[in-house]
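Down below are the structures I want you to see.
Look for chain A in each of the two complexes below; its partner is chain B in the first and chain C in the second.
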Partner chain A sequence: MPDLLPYLIGGLANGALYGLLALGFVLVYRATSVVNFAIGEFLLVGAYLTYTFALFLPLPLAILAALPLAFLFGLLVERGFVRPLLGRSVVAVIMATIGLAAALDGVVQLLWGPDLKYLSGSLPNLGFQAGGIFVSSRAVWNLLLALPLGLGLLFALRRSRYGILVRAISEREVAALALGIPTARILAGVWGISALLATLAGALLAAASGVGPNLVFLGLKVFPVAILGGLDSVGGALLAGLILGVLEALSQRYLEPLLPGFTEALPFVVVLLVLLVRPYGLLGERQIERA
Partner chain B sequence: MILAVENLKVVYRGVILALDGVSLEVREGEAVALLGPNGAGKSSLVRAVAGLLSQFEGRVLDGHVRLFREDTTHLDPVRITGLGLTAVLEGRPIFRYLTPVENLVAAGHRLSPRELKEGMEEVFARFPRLYERRHEQAGYLSGGEQQMLLLGMALLTRPKVLVVDEPSLGLAPKLVEEVMRTLEALRREKNLSLLLVEQNARAALSIVDRVYVLERGRVVFEGDAKAAQEDQDVLEFYLGKEEVGFRQSKRYRRRKRWV
Partner chain C sequence: MKRREFLKKLGVGALAAVGMPYIATAQARPVKLATLLPLTGPFAFAGNASREGFVDGVDYVNEVLGGVGGRKLELIVEDTGYDVAKGTAAFNRVVSRERPDELLFVYGDSTGLSKALAPEIARMGLPYSATSFANELADPKTYPTIFVFGPTYNDMMEALLRQIRLQKGRARIALVYSNTEFGRDPIPYAKERAKALGMEIVHEEVTPPAFTDATPVVLNLRRANPDFVILQGYVLSAEPLILRTAREQGLRAQFMGTYYSAELALIQRAGPAAEGFTVTYHNAYWYDTLVPAVNELRKFRQKKGRDTSYRPTYYMGSVAVALAIAEAMRRAAQAGKLTRAGLVEQLEKIGDYNAMGLTRGFQFVNHRLPYTKLYRASVKDGRFNAITDWIKLA
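On to the complex of A and B.
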């Protein structure tokens, strides 16, 4: 068993990233019912923005510089691709995000090239050794940023006035409009925050293992994570991210030798099993059945 | 003149004509009822006045809506509520997954934290039942409680003109009466102008000064509440006092005449 803990820690570190990204995805889904297939590209753009800033700034500052730009990027996407389709079927918006994903993949490769790049500079080393177990700096950073951010966001959504407005709009936009709530502005903000979260995940990923177009594939992980957590549950996204991260790590350790390649499929298998028992996901909300 | 609708024509999806040249007005401090059967265009008028038509794939084809002399025909709902008109839409559009407190917070989004707190206390003082259930999901409130919550929410938008669409729908007669009494009290205390859209003519007539009757997108009757109560047609079609015999036999044709 002594070799188990490092796997757990590595799993949690990965899971934190999944959670962060899924948070951005779920937030948008919850507020606007749009399934954002371009979330992986949000992460990609964020990672490359960080890379670019890191060329002439220390990495922590580069990340801080990338975040506002990412927020702006989210606003632009909302303005350019989502708002024009407002009032159309949700599928139209979803198709638009698929198109956006393909376009962004191309643009990113055009701008930054297809090769894997490593960031100049790194985050301050926060790794430590405790009782013979080494905790990597990467794990500390991931957890240190993802957990407070996720919980803070959850709290803000529950308690802050802005959060209440987001939830109100997500339930009944027409009713919100009738009360004079500026729904367009608030929803744009949600897209901005979503892009910001994806960028943070991208930056952490880039700091650990470099930037390349293949980062996009982390976007695929968002779907099992978000569905497992309950598509509209922000807390569920974070929790499911951590769970799947750990399960992946365990599978890597114990199942991979027996079933090569199974780890890739594992998240989807888990989702399938959980949904059989809990159709709304781990923390998804039940529909109120009352006129 | 607080609210004036002038020759308003509204279409949905470019072809379905819902309002065909409707004109009406609400004066300061006045309560006006808009009556009419299903599909007469009552809710379309509410949507048009509140700037919400685009949410229902509708638009104003012709005519104007004026609020305090300002042309609000094509303004967005955020600006319109900012000017002081709040519409309570039909079907009890509360936020069901939010608690009553959160519903009120959402409604009072323009208020400072202090004003919001005071406003909320006022609403709870008026509706003690809501206070008891303030932390439950609003979707589980009874119909009457939801209607009260809606009125409380509307109050927190600090309206000068309140437009209420079918508040009596699906409520027991006793509750209908309570809703009407509340509306009347609110109007007095807050010096509101009220446009009450109803199918329940009897309930509406008990609290309004003037009446418009809408049918198939047109105003077919206009007068003060007293006159409406004495008008044969209104009596017959909206108050259910049908005379037997000759008149009843010609009902079909009488309805036609208005169109």
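On to the complex of A and C.
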């Protein structure tokens, strides 16, 4: 067990990062039924915003300064790309987010250039040694930010007025409109929160390994995490992130020597297996359709 | 002058006047060098630096060296996005659009793309090189027109293993590599060669090309307890994270890498954890001011109003290739055979040329350049310092 513990801690910390990003993805899907294929680019934009502020601010302040801008960015995306497509087919919206992803890749390169950047500052060191096991500062920060945020979001969705309105819109948008709920404003806010969460994940990643166009690859991890958790479950996203993070770490330890390269495929294999048993994911809403 | 004679002279004059521009145009037809580079996508930083190197190299050839045998050298740039399908499409577009007597050289990206294109390149007799140093490409019997402008990844491993033997005879070595063609390429050779040199490969770690947490990789390494860890198949996507995590987890092994890890961004990203990281590198660095090419390029860029601050290794490698290709073209023109076949002939005997010191010399052995130096990262200096002279690998 002492041998296994560092792997579990590393896996949980990494999974928290997956969960953080998946939270934003699931939130948008739950509220608007839009699959945001540009979620990796949201993270990329957030990381570059953090980098820009970090040029003249300490990193924690730079992250705090990037968050409102990221929120604004989310609002703009909703206003410019998603709202004009309301009422169109799901495919049209999906294609729009795919196009948005390509456009954002280009814009990021135009604005910040293709060179790799690194953050000169760092987050306060919270790493510690306990019982012969070293827990890195990066792991502590990932867990410290992702878990309370995830649980807070879950609580807010269940209990707060805003959360109830989001749920009402996701249940039946037309009825929500008829009841006088300002759906457009609320949905724009959801996109803002999604961009904010992605920025936080991007900032944590940037602090660990710098900023560059390759950060976008983390966006690919969102899909297995979100599907495993249940596409419409905020709690499921966090849980699935943690599970996949731990499974990847364990796979790197035990399976990789036997099946080189397997860890890369593991999230998708797990998703496949879970979907066979629970087609709606771990915590997703069970939908029964009758002919 | 009689009327008939006058008309005859007028006719000849008129013909000459009408025909000369066409003759002049034919003589001034450019020779073309096409590059397929990852200008977008995850490796855009390397692709754009490389493009800049080719632009400088080609401009230098045209403006300072007077072109190639009186003809202008023209650069074609296409984006691959580091995607084999997109790269293949770009290649097909270029070769179908350009005339075979003008397009004399193509420079591609990645091991995957180059291996995919290799049979077609061989069929077309098109001189080709790439960002890849894959062993399979340096095979003149199968691919007589493909040249690797540096040592292969196998050669790089050889250089690192020799250094390890110098530092510690019976060393315990771990190999960490990405699950890509680039990552896997030299692994069989490294394993075989380490055994032959009396060393032990105590651990192999296969990873995705990029990841967000190196803890499990480093914990596995700590269990294996190697003296040296060789990283292969990452272009700065994972090395800084691995080095930082290794330092945090108290791993004492010495880390090493090959050409694509030899960039200053690694030191900047990994911070103090980069200290001592040893790499193979076979061009000059921008800060090697004793190298004539570096001074020449600095002056040239200044004259053109271009940024003269640090240029990455990908830039240096590309300038070297552009200058070597132009030199081989110049020699082919001198020999009256400025064609694809003529260029291959000249590349095979261009060993006396070293692009003003950017490399040791383009002395191809089996169509690759089996020489490298080893450099070690110094965090205090913020750069890689040479720890060996040229090592001959064949």
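What we mean here is this: the second predicted complex is superposed on the first by the 285 of 291 C-alpha atoms of A that agree within 3 Å, B and C clash if a C-alpha of one lies under 4 Å from a C-alpha of the other, contacts with A are read in each partner's own complex, and residues count from 1 in each chain.
Note that a contact is a pair of C-beta atoms (placed from the backbone, for glycine too) under 8 Å apart; a residue touches a chain by one contact, two chains touch by 3 or more.
The structure presented is a predicted model; accordingly, all values stated were derived computationally and were not measured.
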Chain A residues in contact: does chain B have more, or chain C?
-> C
Look at A:168 in the shared chain and tell me whether it touches chain B only, chain C only, both, or neither; answer first, second, both or neither.
-> first
With the two structures laid over each other on chain A, which partner does A:78 touch: chain B (first), chain C (second), both, or neither?
-> neither
Look at A:252 in the shared chain and tell me whether it touches chain B only, chain C only, both, or neither; answer first, second, both or neither.
-> second
Quick one: classify A:41 as touching chain B (first), chain C (second), both or neither.
-> neither
Examine A:109 and indicate which partner it touches, taking first as chain B and second as chain C; both and neither are also allowed.
-> second
Taking the superposition as given, does A:179 touch the first partner, chain B, the second, chain C, both, or neither?
-> first
Of all the chain A residues, which ones make contact with chain B and with chain C?
-> none
Complex contacts: residues of chain B adjacent to chain A | 50, 52, 54-57, 77-78, 80-82, 86-89, 93-98, 102-103, 105-107, 109-110, 137, 139-140, 143, 153-154, 157, 170
What does chain A use to touch chain C in their complex?
-> 3, 6-7, 9-11, 13-14, 17, 105-106, 109, 113-116, 118, 127, 134, 136, 138-139, 205, 208-210, 212-214, 216-218, 245, 248-249, 252-253, 256-257, 260-261, 263-264
For the chain C and chain A complex, residues of the former touching the latter | 39-45, 47-49, 179, 204-208, 210, 212-213, 215-217, 219-220, 223, 236-238, 240-241, 244-245, 248-250, 265, 268-269, 312
Inside the complex, what are the residues of chain A that reach chain B?
-> 87, 161, 164-165, 167-168, 171-182, 285, 288, 290-291
